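As written, the chains take the letters A, B, C and D, and residue 1 is the first residue of each chain.
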Amino acid sequence: MTPGRLEAFSDGVIAILITIMVLEFHAPSDVSVEALKGLCSPFACYAMSFVFLGIYWNNHHHMMHSVEHVDGAVLWANLHLLFWLSLTPFVTQWMGTAAHPFAPLPVAAYGVLLLLSAIAYYILTLTLVRVNGKNSKVAQALGKDFKGKISVVVYLLGVPLAFVTVYASLALYVAVSLMWLVPDKRFEHQRHHG
Amino acid sequence: MTPGRLEAFSDGVIAILITIMVLEFHAPSDVSVEALKGLCSPFACYAMSFVFLGIYWNNHHHMMHSVEHVDGAVLWANLHLLFWLSLTPFVTQWMGTAAHPFAPLPVAAYGVLLLLSAIAYYILTLTLVRVNGKNSKVAQALGKDFKGKISVVVYLLGVPLAFVTVYASLALYVAVSLMWLVPDKRFEHQRHHG
Amino acid sequence: MTPGRLEAFSDGVIAILITIMVLEFHAPSDVSVEALKGLCSPFACYAMSFVFLGIYWNNHHHMMHSVEHVDGAVLWANLHLLFWLSLTPFVTQWMGTAAHPFAPLPVAAYGVLLLLSAIAYYILTLTLVRVNGKNSKVAQALGKDFKGKISVVVYLLGVPLAFVTVYASLALYVAVSLMWLVPDKRFEHQRHHG
Amino acid sequence: MTPGRLEAFSDGVIAILITIMVLEFHAPSDVSVEALKGLCSPFACYAMSFVFLGIYWNNHHHMMHSVEHVDGAVLWANLHLLFWLSLTPFVTQWMGTAAHPFAPLPVAAYGVLLLLSAIAYYILTLTLVRVNGKNSKVAQALGKDFKGKISVVVYLLGVPLAFVTVYASLALYVAVSLMWLVPDKRFEHQRHHG
C-alpha cells in the first residue's frame, strides 16, 4: 500500500459522499412558493455539509501529500475517519427535515458526528507521526496541531449547547469551518520548501 | 495540490453526478401505456441535464488541461462550481415530475441553477487567470470568454420568462447548450500549438 | 483530451452504474419466506444487468486501449453510449418489480435500451475508425465487427417478441450476452502483436 | 487489461459500495429519543458491513499488487466477487430494519452473502495462481490460504445457526472479520522482499 493509493481511495470516497448527499435532498411534491420555503432548512444543511466535507478533502489531501510511509495502522486509522465522514448525509438529512428543522436532538447528533470525525482525524495524525518518525516531513508540518485540538474542544461545547439553544451550537460548528477554510499554510509552505 | 489532482477530483464528482441522476428517475408503479407516457417529461429533463453536465465536464476538463498553477483560491472556486452542479439531480427531478411537468417555479429554479453554475464557472476562469498570469496559456486560451458571458446573460433572461411561458425559457436553456456543444476550439487549438 | 482520460471517465461511470443499481433493489418490508420469493425477479434482473454492464465495461475498455486519437466527435459518441447505459438501473427496476415481474412492456423497454446501447456502441466504433484511419490499430482490430451488427439484429427481433412471449425475448437478450461473454479475441490478439 | 486497471476498477467499485450504503440508512421521521433508539440496529449493521467491505478492499488491494498477469478468466472471477459484494447494502438494510432487527431470515441471508463473497474470493485466488503459475509471487504469497478456507467453513456454520439463535451467527461473522482485520502479513512481507 503506497500513500498514493490511500490518497486516491480517500479522495474517491469523499468525492462520492459530497455528491450523493443530494439524493437525500428530495424535490418537493408540489410547485407552490410554500414548497420553496420548505427547502430552506434542507438547503442550508446541505451547503454546510458540503463545505464541511470540502474542508476535510482539502486538508486530508494536503496532509497525505507530505506522507512517506503508510502501514496497516494508518490504513485502519484512515478508514475510521472515512467511517464517520460517511455518516454525514444521514445527519444532514435528519437535521434539515422541513417538518422539524434544526431540532435539538438532530443538531446534537450532527455535532457528535463532527466531533467523532475530528477525533478520528487527530488519531490519524498521531498514527502518521508514529509511523513516519518525529523528524519526518509530516510531523514537522503538523507541529502542535493547534487547529485539530481546538476543533475537538469547540465541538465538545457545541453538542450539549444544542439542548439549550440550537443557534449557539450551529454558530460554533460554522466557526470551526471558517477556521479551517483558510488553507492549511503548514503543508502549503512545506511543499514549496520541502 | 497539482492541477492533475484537481482535474481528477472534478472529473470524479461530475462522473458521479451524471450517473446518480438516474436514481431520481423512478420506474412507474404499473406497466400500462399511460405509465410510459408519464415518463416523457422526466426523461426529457434527464436527457437535458445529462447533456448539460456533459458539456461542463468537457469544457472544465479542457480548461484545466491548460492550467499550470493552482492555489487555495482556485480550489475553492472549483468547489463552488461543483456545489451548484451537484444540485442538478435535485432540480431535474423537480422540473420533470409527471404530476406537474415543466411547471413555472421548477423551470425558473432550473434556470437559476444554470445561472449560478455559469457564474461559478466564470469566477473560476477569473481566478485561474489571476493565479497563472495574463500571459499564461490558460489566459490566452480563454481570451475574452464571449461564450461564458453570453451564457450568463441568456440565463438571466430565461429565469423570469418561465413565469410568462416556460417554453421560451426551455428554448433559451437549450440554445445555450447547443452553443457549447461545439467543442471549445480555443483550448483544442492551443493544445496542438502550445 | 487523451484516450487515457476518456477511458478513465468511462470506467468511472460504468463502475458507478454497476454499483448504484443495488439501491433500486429494495429490502422487503417483512421477513417471511414469501418476502424471499418476491426477491427472485428483482434479483434475476439485477444479475442480468450486472453481466450486461460488465460486458460493456470489458469490451469498451479493450477497444479504447487500441485507440490512438480522440476528438470532440469521439467524446460525444462516447457520452451518447454512456447516456443509454446510464438508464440501465431504471429499466432493471421496472422489469423486476415483484408486483408485475417480467411484464411485456418493461421487457420490451429493456430490449429497446439494449438496442440503443448497441447502436451507440456501433456509432462509437465508426467514429473511432474515421478519426484513427482505416489502417489504424483500432480499425484493423474491429474488422467487420460481426458481433456488433448481429447484436443489433437480435435485439430488433427481441423487442416486438416481448408482446408475444416475454420468455423468447429474454432468451434472445441472454443469448447476446453469452456471445459477448467470450472476451473479444480481436483486441486481446492485437495487444500482444501490435 | 493490466493488473493496475483491474485494481483501479475494483477499488472504485468498493469505494462506491462502502459510501452508498449510507443511503439505505434513513433518517428517522421524528426527533424523539425513541427515534434514536430505533437507530441502534441499522447503525450496528452499517458499522459491521463497513468493516467487512474495508477488509475486502484491503486484502483485495494487497493481493492484486502481487499479480503480474491477468486474462479474461481473472477479469470475470473478479467481477463475480464484485457481484456478491455489491449486494452488501441490500442485506445490510434488510438485517437492520428497526421493525424487525436481526430477524433469523435476514441474518441467514447476510451470512449467505458473506459465504458467497468468500467463495468468490477463493475462486479468484485459484484463478490468479493458475494464470501466474505455481512459482509466481502471488502463488507463494497465498501459500495454503488457511484464512480463506476457514472463513468459508465458519460462514457455512453461521448460516443455519441463524434459525437457532441469531446471536451465535453474528458472533461467528464478527469472529471472521476480526481474524482478517490483522493485515495480511503474507503480502506485506513479500512486497518488502520481492
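The criterion applied here is as follows: contacts are C-beta pairs under 8 Å (C-beta built on N, C-alpha and C of every residue); 3 or more make two chains touch, one makes a residue touch a chain.
Not measured: the values here are computed from a predicted model.
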Which chains, if any, touch chain B and chain C both? none
Can we say the copies chain A and chain B touch using the same residue numbers, with more than half in common, or are the two sides different? different
Between chain A and chain D the C-alpha superposition rotation, given in steps of 5 degrees, amounts to 90
Tell me which chain's centre, taken as the mean of its C-alpha atoms, is farthest from chain D. B
Using Cα averages as centroids, what's the distance between chain A and chain B in whole Å? 27
Cα-centroid distance, chain B relative to chain D, in whole angstrom: 37
I need the residues of chain B touching at least two other chains; which ones are they? 12, 16, 20, 23
Make each chain a node and each touching pair an edge, then name the shape: line, ring, star, complete, other. ring
Chain D-touching residues of chain A, taken from the complex the two chains share: 1, 5, 8-9, 12-13, 16-17, 20, 23-24, 71-72, 75-76, 79, 82-83, 86-87, 89-91, 93-94, 97, 99-100, 103-106, 109
Give the list of chain D residues in touch with chain A in this complex. 11-12, 15-16, 18-23, 25-33, 35-36, 47, 50, 54, 57-58, 61-62, 65, 181-183, 188
